[in-house]
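Both of the next two complexes hold chain A, though its partner changes from chain B to chain C.
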Partner chain A sequence: MSAQPVAVQPIPRGALSRRVGGRALDWVPALVVLVLVLVIWEESIAIFDIKRFLAPQPSAIAANFWDNRGELLHGGWFTFQEAFGGWLIGCGLGLLTALVLARWRRLGRALMPYSIAASAIPIIAFAPITNAWFGPFGKTSKMAIAAVLCFFPVFVNTVRGLTSVRPSSIELMRSYAAGEIDIFRRVRFPTALPFIFTALKIATVLSMIGAIVGEYFGGAPEALGVLINSRNATFDFEEAWAGIGVACAFGIAFYLAVAALERLALRGAPSTEE
Partner chain B sequence: MSRKLWVWAVGMLVIAGMLASAAGASTRVENSRKLTKVTLQLKWVTQAQFAGYYAAKAKGYYEKAGLDVTIKPGGPNIVPEQVVAGGQAQFGIDWLSSLMLSRAKNVPLVSISQVFNKSGLTLLTWKDTGINTVAKMKNKKVGNWLFGNEFEVFAALAKFGMDPVHNRGVTIFQQPFDMNAFLKRQIDAASAMTYNELAQVLETKNAKTGKLYTMNALNVIKMQSVGTSMLEDNIFTTTDYLKSATNRDTAKKFVAASLQGWIYCRDHQSDCVKTVLANGPALPKGHQTWQMNEINALIWPAPKGVGVMDPAAYKRSAKIVATYGKLKKVPGHEAYRTDIEAAALKSLKAAGVDVYGRKWHKLNIHVTAGGQ
Partner chain C sequence: MSVVEIQKLTKRFERGDVVALQDIDLAIEPGEFVSLIGPSGCGKSTLLRVIGDLIPPTSGTVTVNGKPAPRARADHDYGIVFQDSVLFDWRTVAKNVALPLEMLGWDRGKRKARVDEMLGLVELDGFGDHHPWQLSGGMQMRVAIARALAFEPALLLMDEPFGALDEMTRERLNGELLRIWDASESTVVFVTHSIAEAVFLSTRVAVMSARPGRIADIVDIDLPYPRAAQTREEARYFELVTRVREALHLGSDLDAVAQ
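And then the complex of A and B:
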């Protein structure tokens, strides 16, 4: 029941693979760019004789990854658990808080400025503090950082989503004598879902960043961030870069998983994605 | 229309402000055209561990040698070898083991003066645990900072049949840069430098007695006594830098003036503590006084002369680094040069300065709470 035309594309129906991944051909341009970048990187280092410790060649990084894949993947998995745990906690709390604040608007208006101000604090500066609270070598201290990083995007976006319902829809519901809970269930929450999922996707990469950078301040020896930092200090630059690659891979996979979840959850609803 | 103008004006102001601060940050005040500018990258934060260099600057030894020296403190995540190799400093201070690791990975650095001739690394245990030797650390938790600082400790543990690399027979615990894990008895043995972490423990009050911990409560097991010590603080630079004769001369002048600073700190300990304090260290006077004393103990007496490499100690260091740093071959003596240090020593002797320090002995330092 839209009053104005909105440029949307329906989610493609059909096989699950098509629904979650789009067409394989769509990925080809991106792949071409990736290959080009890698080739230019590899050749520039040889041609311009760039020092190893500034940037090793992708082939050397790949070879080192293969040699150390056990240690690197184990580290990546360890750090991912910290990121995922923090993501669950942060997003869960963000959603809950948003639900409460959207329901009781006055409370929301009172607390919103502070939450926006708090989100401007460089959260990573709390890494030494969470290390002191929870101990530097367990997963909890990094989960805390990831959770705080995830909390704000989810909270802010959810509140926006829950409160950006078209007044005409609310009026229609009221004309059916619908109570607050019904309005919430049938109108507010579905409207908010795209906003929530956007925030959840942002939170996936933030949680990984939070976990890795938190580990720079002290973490378990097998953690990926500690590994990257340590290899840098002992001049094993290829392995440090390989570690960075593993961190990126886990972050991207996490993002794609949530994006796939989004496509499944929002099937049947008009999408505002291209 | 006026609102657009406002936004544009504010935007320009912000950009101008950013540019001005960037320009201001990179401007250097030019004192004298005659002095050669060099930068020294320290291994860690400002503290008495580097008193010789601060003294050389404060007493004008660098200036007399025609050098304008900028001293850059280090810290966590600052690797002096990378700073020097990247050209942001001409000289650096770090442990010999780091230098060997970087050379093994083709970073072209070379040591020009081995300032510390003894290792300050120890393993600390509480006397009431009964762990008074490395052998008794079997199946216990041993702490170290890792990141290349663990080789001496690992060699010591391996000497007594443990496998610290694979945590067999002993559990290795990565220590943060504080002694809380040891104080809370979460680990059985902690790595500690005589000049830093040991003092941090002694400067802490025992919650049960309300008094400071004393040496009577601790076992201090020195890597030097165990026989697995390695050479630590040395002055290094890039091999490229030394290719020109002018630079070799600058290096010689720099080393001579620095060693003269260390000689001054041997003979005037409290004055050097004041100099370090004037440079804004993180830890206060009491701690720096302890540290100055312990650092002097690592340099003096210098049987061969201050700053001279001892080949036997070098060989031992090289073997340990090769094993635990996973190097393909044991570093040969190409990792250090003797010409610069020899020339520097010659000029110091000619000036009538005592380069051996045979009469120096350690003072008894009164420890204060919190190192105040």
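And then the complex of A and C:
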């Protein structure tokens, strides 16, 4: 559907190794920045004599992570399960609501205000409430928070995708006497897919944030958010920082997994690069 | 039997109370290449869509292959090409051409054979595995034509298919379209706003005037086929271009008088 006349190029085959090589080279500037930041952080704490409750040295955090890796990774895995469950529920409901809204406009108009209202929920205020509803120690209460956070971006993007089909595409399908189901399957859904994946990726990171915020208001003793909170309280700042690092790592890994799924699903699309 | 038969067709758009088409009578015979030409807003694209049952008429009758237009659409009696090639980026070229065949429930083997045949017809052999965005605008349009003809419809409807292309590409594709038309033995209804294109391609040119849209004149193009680049340099070609141009101006002068 791209109207841009572009030069004809053959599909590159057998150039995978070169492309992977190119990808690795793309990462070099980011790695340089990371190393620079770590070095400046490490040195400035020593030079300016910054108190360890403000920011411990990266080397101390790394050492602490290594000593407590069992506890930290277990906590991260526990919290990730909560986030993942919430992600599934939130994204599922967001998709479903969007499909209903795009298909049955009248019902959609009835649901739209509440879907928007869901995005306005102050998540920090909401966390104690889900703890009360589902019990603070189980995973369900944290899944509920993550789900609420994931719902809105998925819902909005899916509606946008499903309704951004060009009229001429619909006319083409109607010229083949296609019904609504065929138009949905062959045009609307494929058109919406890049929009949906963008939202699913945003939702991965949101779900981790939701789960950890929830744990701050009480959660299983093994959960990562609970651990970070209690280490802060006992002045064990190195482990608190290590816990934050683990939370980031799980969030990034989740994001990359969905991004990989996206690349698989949208292969052949003009641009899945960001 | 006419491929397209239009009688007393009127189309009024409720929104804005616009009379897009008024009292259109037109019969198109098998094997004809009829161009609809006119100023923008004369309803030529609307007329094409009414023939394809993509827009319902307000009054009058349209038959395609002797059937009411809705029946003809349900029976896949026509293929259509738009100004925008409307190729789906997530499908390869081959799968784009195969789309109407999938809708008709053809099995994989039969689809593949026909797709190869169609890509040969539009001279895109070997491009089946490419994606549309890897092709030039002209090549994308050839894919759209291959898709429209893949199920061998009796009628090909084309809505300014070359309007977005540069002059060179347009002239080359004009020549190719005539070759494809000859090979596929289909009937073509072609909407354009280029006089040169209409005269070069058509057996007949229907000149339309605007507000309300109606057929002001029909010019028979008696240039012999096959037509080639030299055709555009013949005296008779220029006479016919002039004739169509005058008919167009006469149409718009009448508009001016009416207002």
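Simple rule for what comes next: the second predicted complex is superposed on the first by the 244 of 274 C-alpha atoms of A that agree within 3 Å, B and C clash if a C-alpha of one lies under 4 Å from a C-alpha of the other, contacts with A are read in each partner's own complex, and residues count from 1 in each chain.
Note that in this section a residue touches a chain if its C-beta (ideal position, glycine included) is under 8 Å from a C-beta of that chain, and two chains touch if they have at least 3 such contacts.
This structure is a prediction, so every number in the text was calculated from the model and none was measured.
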| item | value |
| --- | --- |
| Which partner reaches more residues of chain A (counting touched residues only), chain B or chain C | C |
| Touching partner for A:A233 - first (chain B), second (chain C), both, neither | first |
| Partner chain in contact with A:A178 - chain B first, chain C second, else both or neither | second |
| Partner chain(s) touched by A:W104 [first = chain B, second = chain C, both, neither] | neither |
| Which of chain B and chain C A:W27 touches, first, second, both or neither | neither |
| Touching partner for A:S169 - first (chain B), second (chain C), both, neither | second |
| First (chain B), second (chain C), both or neither touched by A:P190 | second |
| Shared contact residues on chain A - chain B and chain C | none |
| Residues of chain A touching chain C in the complex | 1-9, 11, 166, 168-169, 171-172, 174-178, 182, 186-187, 190, 193, 266, 268-270 |
| Partner chain B, residues of chain A touching it in the complex | 51-54, 131, 136-137, 216, 218, 220-221, 226, 229-230, 232-237 |
| Interface residues, chain C side, partner chain A - complex | 49, 52, 54, 73-76, 78-80, 82, 84-92, 99-100, 103, 129-140, 164 |
| Interfacial residue positions of chain B with respect to chain A in the complex | 77, 79, 81-82, 85-86, 98, 101-102, 104-107, 146-148, 172-174, 176, 325 |
